[in-house]
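There are structures below to look over.
Each of the two complexes below includes chain A, the first together with chain B, the second together with chain C.
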Partner chain A sequence: MKAIEITLSSFIEGIGLLLENYSVLAPVRYDGILDFRWIDDPLKIELGGQLPYKSPKEALFPRVEPIIRFEKDGITDACHEKPMIVVGVKPCDIASINMLDIIFSEKNNKFDDPFYKRRRKNLITIGIECTQKSRGCFCEELGIDRSFSDGCDAFISVNGDKLIINILNPEAGSVFSGFDGRPVESMASASKEDDHIRPDFAEDRPSTPQYSTDPDHDAKLDISADERDLFDSIPWNIYSESCLGCGTCTYVCPTCHCFEFRDVEKDGVVTRNRCWDSCMYPKFTLHASGHNPRPTQKERFRQRVLHKYLYLKRNCSIIACTGCGRCIRSCPGGVNIHRTVKDIISRIEAQDRKGAVE
Partner chain B sequence: MKGASNDNLSKAASRSLKAIETHCQAYDNPYIPIRAEILDVIQETTSQTQDVKSFILRPSCPLPFSPGQFVEVTVPGTGEAPFGFASSPHITDTIQLCIKRTGYVTDCLHRMRPGDEVWIRGPFGNSFPVDEMTGYDLFFAAGGLGLAPLRPLIDLIFLPENRVKFGKINMLLAARTTKDFIFRYDYGRWASNPDTELRLTIDNPEPGWDGLVGFPHMLVRDIPFDIHNTYAILCGPPVMIKALSDAFSRMGMPKDRILTTLEMRMTCGVGKCGKCNIGHTYVCVDGPVFSVAQLDKMPGEY
Partner chain C sequence: MDEKLKDNWCPTIVAFLCNWCSYAGADLAGTSRLQYPPSIRIIRVPCSGRINPQYIIRALVDGADGVLVSGCHPGDCHYLTGNMYARRRFVVLKRLLDICGFEPERVQFTWVSASEGGRFAQVVESITDTVRKLGPALPGDMTAVSESNNRSESVTSVSLTDFDYRVQESKIRMLSEELLSSGKVDVVLGFREDTDDGAPVPLFARTREDLQKLVWNRHCWRNLSPYLKQLNGKAAIIAKPCDSRAIVNLLVENQLSRENIVIIGVECNGMLDLNDMPIRGCEGCPSKVPPVYDHAVASDGGNEFMGLPSPADQDNSNDTRTMRSVHERRARFLREIDKCILCYTCRQACPGCYCAACFTDRKMTNWHQADADLGEKIAFHLTRAMHLAGRCVSCGACENVCPSGVNLKYIYDGINDFINDQYGYRAGIDPEVPPAMSSYSTTDREIGFLGGERP
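Presenting the complex of A and B:
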């Protein structure tokens, strides 16, 4: 594996050079909050801190994405074509990008999503190891390794005051050609030193490898039950009681991918935008007739949990939760998906035990 | 009956996949619609609100589909909504959609006239298992606008070369009042087929009405048909579908021979937008046609 050792300042300088040809999404502090933003000043990049407030999914699945334009002589494609780089993606967010790749591919319901695919082709992902847990995060319970992920084009390991860029995708490696670093050996030696430098961190490092799409991967948070049974046997209203239906959880979530089309007219040209939607909103499933298959917050909350933990597992073998804890930290009502899923699992186990006794 | 050629039917059944392929080949993108001109608008219901109209559209390229599939219709600037095909699948240069005025898009459509233009993409979804149904009696039960998605199947089956492949055909068509029936111009043609009985029912008695009165699920018990050799095909409002499928299964019909088609809010049509799922089943790709046996295995979230 090719790797480059580089100082933080040289790395930032290198990113600055890339801004000429790429849009760069990176963690920067904005109004005091660390968040992924499209940057114009590389000096503002903050690497290795806490997890940014929102996820980097915006590079691939923006909040509002113009997709097509209806013009007099026909339809034109409004899709974004500029090459992009996302820098400083922690292993949990790398896992989420790998999940979105599956969700928007034909592996999920037979159809490829051409708009997602095009953005994905234009995106280079630069990951970084996670050296600081955030409040409420639980990625280790979903089989994610905080110290390394190979689901990105390049992965940065922190070695003292130096960064080691491990180039995982040789094609994307060329972006680093102008970086002022020196080639080093594989990251195996680097990671040993790494353990030495931060023993406290090495201790709670999970033994499981990085995220795998194998349905048998040893995630501890795994709901295995029939969806019909779960609909009735679990007291969903207990979990959803404090839910305000604000939808923030779905906006900060790195894997939430539901959308709506919205047409906007300007100067006789109608642009169709694909916008984030949220299963937590009453109108999400409301029929024009007035009928709503998910009439209360209980059903809507159930949809969010089971879509992530059960439906996508059945349809394309992924648990679409990375344990990043963003929804927990930003929920104004204190709804906690980690506690909820653990409670569901313990209820299923209790029922199974009861069934076995009978 | 069994020896007759199955060619036409299997062609129609396999059309669904082919049609999507053609669409994707032409545009390489299931989200990009094609232009369609409104050729004709038919006022279907004559009750006070007059809120159901049929639209005959000519797509800019032929749009082959199978009975049960649906299409997404765009009124640029207003939005997009899904509608089941309501025309014969053997006619491919024009399509008919039967639409009730009930939301933003449908309100706009209802104000449109022949010569106006909309955009359509599709077809999406699965279709009725026509091959499986061959050799059986059929019982069509539809309420109100629920007849629209069944019309392609009815028209396909009443083609003379196909009619011989099915046994007796019962049709029970329900509407709120006599003025709320749709496709009235078809009833004579349908009823004139051999071994076919067409019954109409309304919710409350009206002067001069010689048809049935009452909800379909109350009436099916009094209609003689062979429960062991019949495919029932139902469509209507969700309450009617539930009541009717209960009635049919309580009479002893096998649940895999009770078919229905569901509607859901659907943005994408290709299983991505996350709105139409019932459990892990997506109505836009796994449906909209389901048997009651399939629905029984799904959570009741529809």
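Presenting the complex of A and C:
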């Protein structure tokens, strides 16, 4: 495996050269808030700080994605085709991209998402090691290695004042040809090279989740119970009581992926957009008849927790939470999914013990 | 736009005319063979009071270059008072457009009676001329986003000392225990420590054991008042001045009943975030003391708030916010909403936004299209600002919770100050005073109306 040692300034310079052919999504500070934004000035990139406010899923699954356009002369494809690079993705966010790959792919889920697939093919991911924890993050408990991840096309390790770019996907490696660095021995061990999986959508994918890079780190946050039991035995309203139903958690979440389609008409052209939906909204799963199977915030909150921790484990063998803590930091009501899941697990254990005694 | 084009260009102006006077006036202009420019598209409405400011905003966002609204002369309304309410709304809308940097001249209001065919022709002539000079609405410089940081760094608020907070906390705890154990309330709404070292989170204490978790410190910035609506039975709330103002506003609007709430009013000098920096929304807070309370917790633990100005006396008007040029104001507004991702968190956290179904959620009339382009953001934020005009209590919850750091409180504050100047009303001070935007006076000024006063 190839690796390049490079100074930060040459790296930034190199990214600047790529701007000509690629759209670059990178962490930049805007009015004091570090966030992933499409950049036009590479000097603004901030690597290695805390976790950006929102997740990099914007590149693959944007807030609003035009799918097709209807015009008088016919229907045109509105999908995004420009090659993209996302820079400065921390291991938790790399894991989230790998999870979205699984969720949106036919192989592990039942459906193959053509819009996601097209964007994914055009995306090069450049990861970076996590040197600074953010408040409320708990990725270790979900088996994420903060120092290395091979789920991306290239991974940057920080070595003193130098960066080492480990090129994990030789095809994507060509983007670094213009970078002013010197080749070095890769930080990643050679043994990993054989079994590493390129995050190419078309590639075969193992059934086990790819993000558990370290076998010692087994997921500790694991709800193992039948959902029908959990519906009634867990007092969901005590968790959802301080939830305002704003949906920020789902907007900043790197793995939330519910969406709806909406048609927008402007100047005689109708665009069909795929937009984010959120299980926190009252209109989520509202039927045309007026019936809603999740009428109150309690049921909607239950949906959010169990979707991440139970349903996707059953359907795609992943726990769709990376422990990035974004929802915890951004929640206006102070709802904490980490604490909630821990509490649920301890309640299940207590019930099991009680059941065993009886 | 180059000069030659400008001369030939005919703007598109949407005209909302009341059925009883102005529409008949337009008819008369037609039957009298009066000439006026072909720029207007007339929409007949029952009354000028029927016109939701959202229609006007939507028209501008969707491509109209100007909007004309005309109704019966005040005193002549077919429905007696419809145009009286409309008058306040239109004056405030013009001010809002001005604060946000959109030329208020694009939106014109006037009164035309059924017999004034000639006046109608003049009005159309005049607005067409005005809008032609301004050029097309929302032109290319929409994206002229300034790079300067808009936030003023001079935050003067100094938090209370640790000792003050401990004194207040013990007082709050004492009061809460008394209220709970005597059965006067079923639940105490306060704060508890966050297990992940975050800012304290809402506590719903229903038993004495729950009360053990109660905390009060300099990070208790979250606004608890939105939770009151979802609680059944009698509730006591630990209310900072902002919470208390929000409760007053909810009482004024009949969303809560006073006998079900016990307000434990707490003196507050502004809250800090976890890095001990002042919370964004606390900037420009109008008062340190709750306007309405049942029990007082002063900074020294006393039962009365001493030596502090009462909120009604405080002068919060800060005209420097609107002193800049129209381009600077627009750049500031656009820069802020550029960050917006239309997640509506501001709406959910706002104690004034309690509609069962927000206009953005009503899909039958798709007022709000799911397209996060700039126009949609403008439509959302302007409409929300109009909905909150004279109702916003400056609690800053919208800024505190925004995941993208959109700071639009200056708009609400600007409108609040304007309404205070014009109608002598400030939301969240006195539960007995009717709200400014749902009342009227026959002597209301017609600032910026066609043929009315200049701003």
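Odds and ends about this structure:
Here is the rule we use: the second predicted complex is superposed on the first by the 325 of 358 C-alpha atoms of A that agree within 3 Å, B and C clash if a C-alpha of one lies under 4 Å from a C-alpha of the other, contacts with A are read in each partner's own complex, and residues count from 1 in each chain.
Criterion: contacts are C-beta pairs under 8 Å (C-beta built on N, C-alpha and C of every residue); 3 or more make two chains touch, one makes a residue touch a chain.
Remember, predicted model here, so these are calculated numbers, not experimental data.
The superposition on chain A brings chain B alongside chain C with room for both.
In the superposed model, A:Glu227 makes contact with chain B only, not with chain C. In the superposition on chain A, A:Phe179 contacts neither chain B nor chain C. In the superposition on chain A, A:Asp31 makes contact with chain C only, not with chain B. Of the two partner chains placed around the shared chain by superposition, chain B is the only one that A:Ile67 touches, whereas chain C remains out of contact.
Between chain B and chain C, the minimal CA-CA distance in the chain A superposition rounds to 5 Å. Common to the chain B-facing and chain C-facing surfaces of chain A are residues 260, 262, 265. Looking at the complex, you find that chain A touches chain C at residues 30-33, 35, 53-54, 63-64, 135-136, 241-242, 244-248, 251-252, 260, 262, 264-267, 271, 273, 275, 281-283, 325, 328-330, 332-336, 338-339. Listing the residues of chain A that touch chain B in their complex gives 67-68, 70, 74-75, 77, 103-104, 108-111, 113-115, 227-228, 231, 257-263, 265, 270, 272, 277, 279, 284-289, 291, 293-294, 299, 303, 306-307, 310-312, 314-315. Contact residues of chain C toward chain A in the complex are 62-63, 149-151, 194-202, 204, 222, 226-227, 274, 339, 341-345, 347-349, 357, 361, 363, 369-372, 397, 400-401, 403-405, 407. The touching residues of chain B, when paired with chain A in their complex, are 28-33, 35, 74, 76-81, 102-103, 106, 119, 237-238, 263-265, 267-268, 270-275, 277-280, 282, 285, 297-302.
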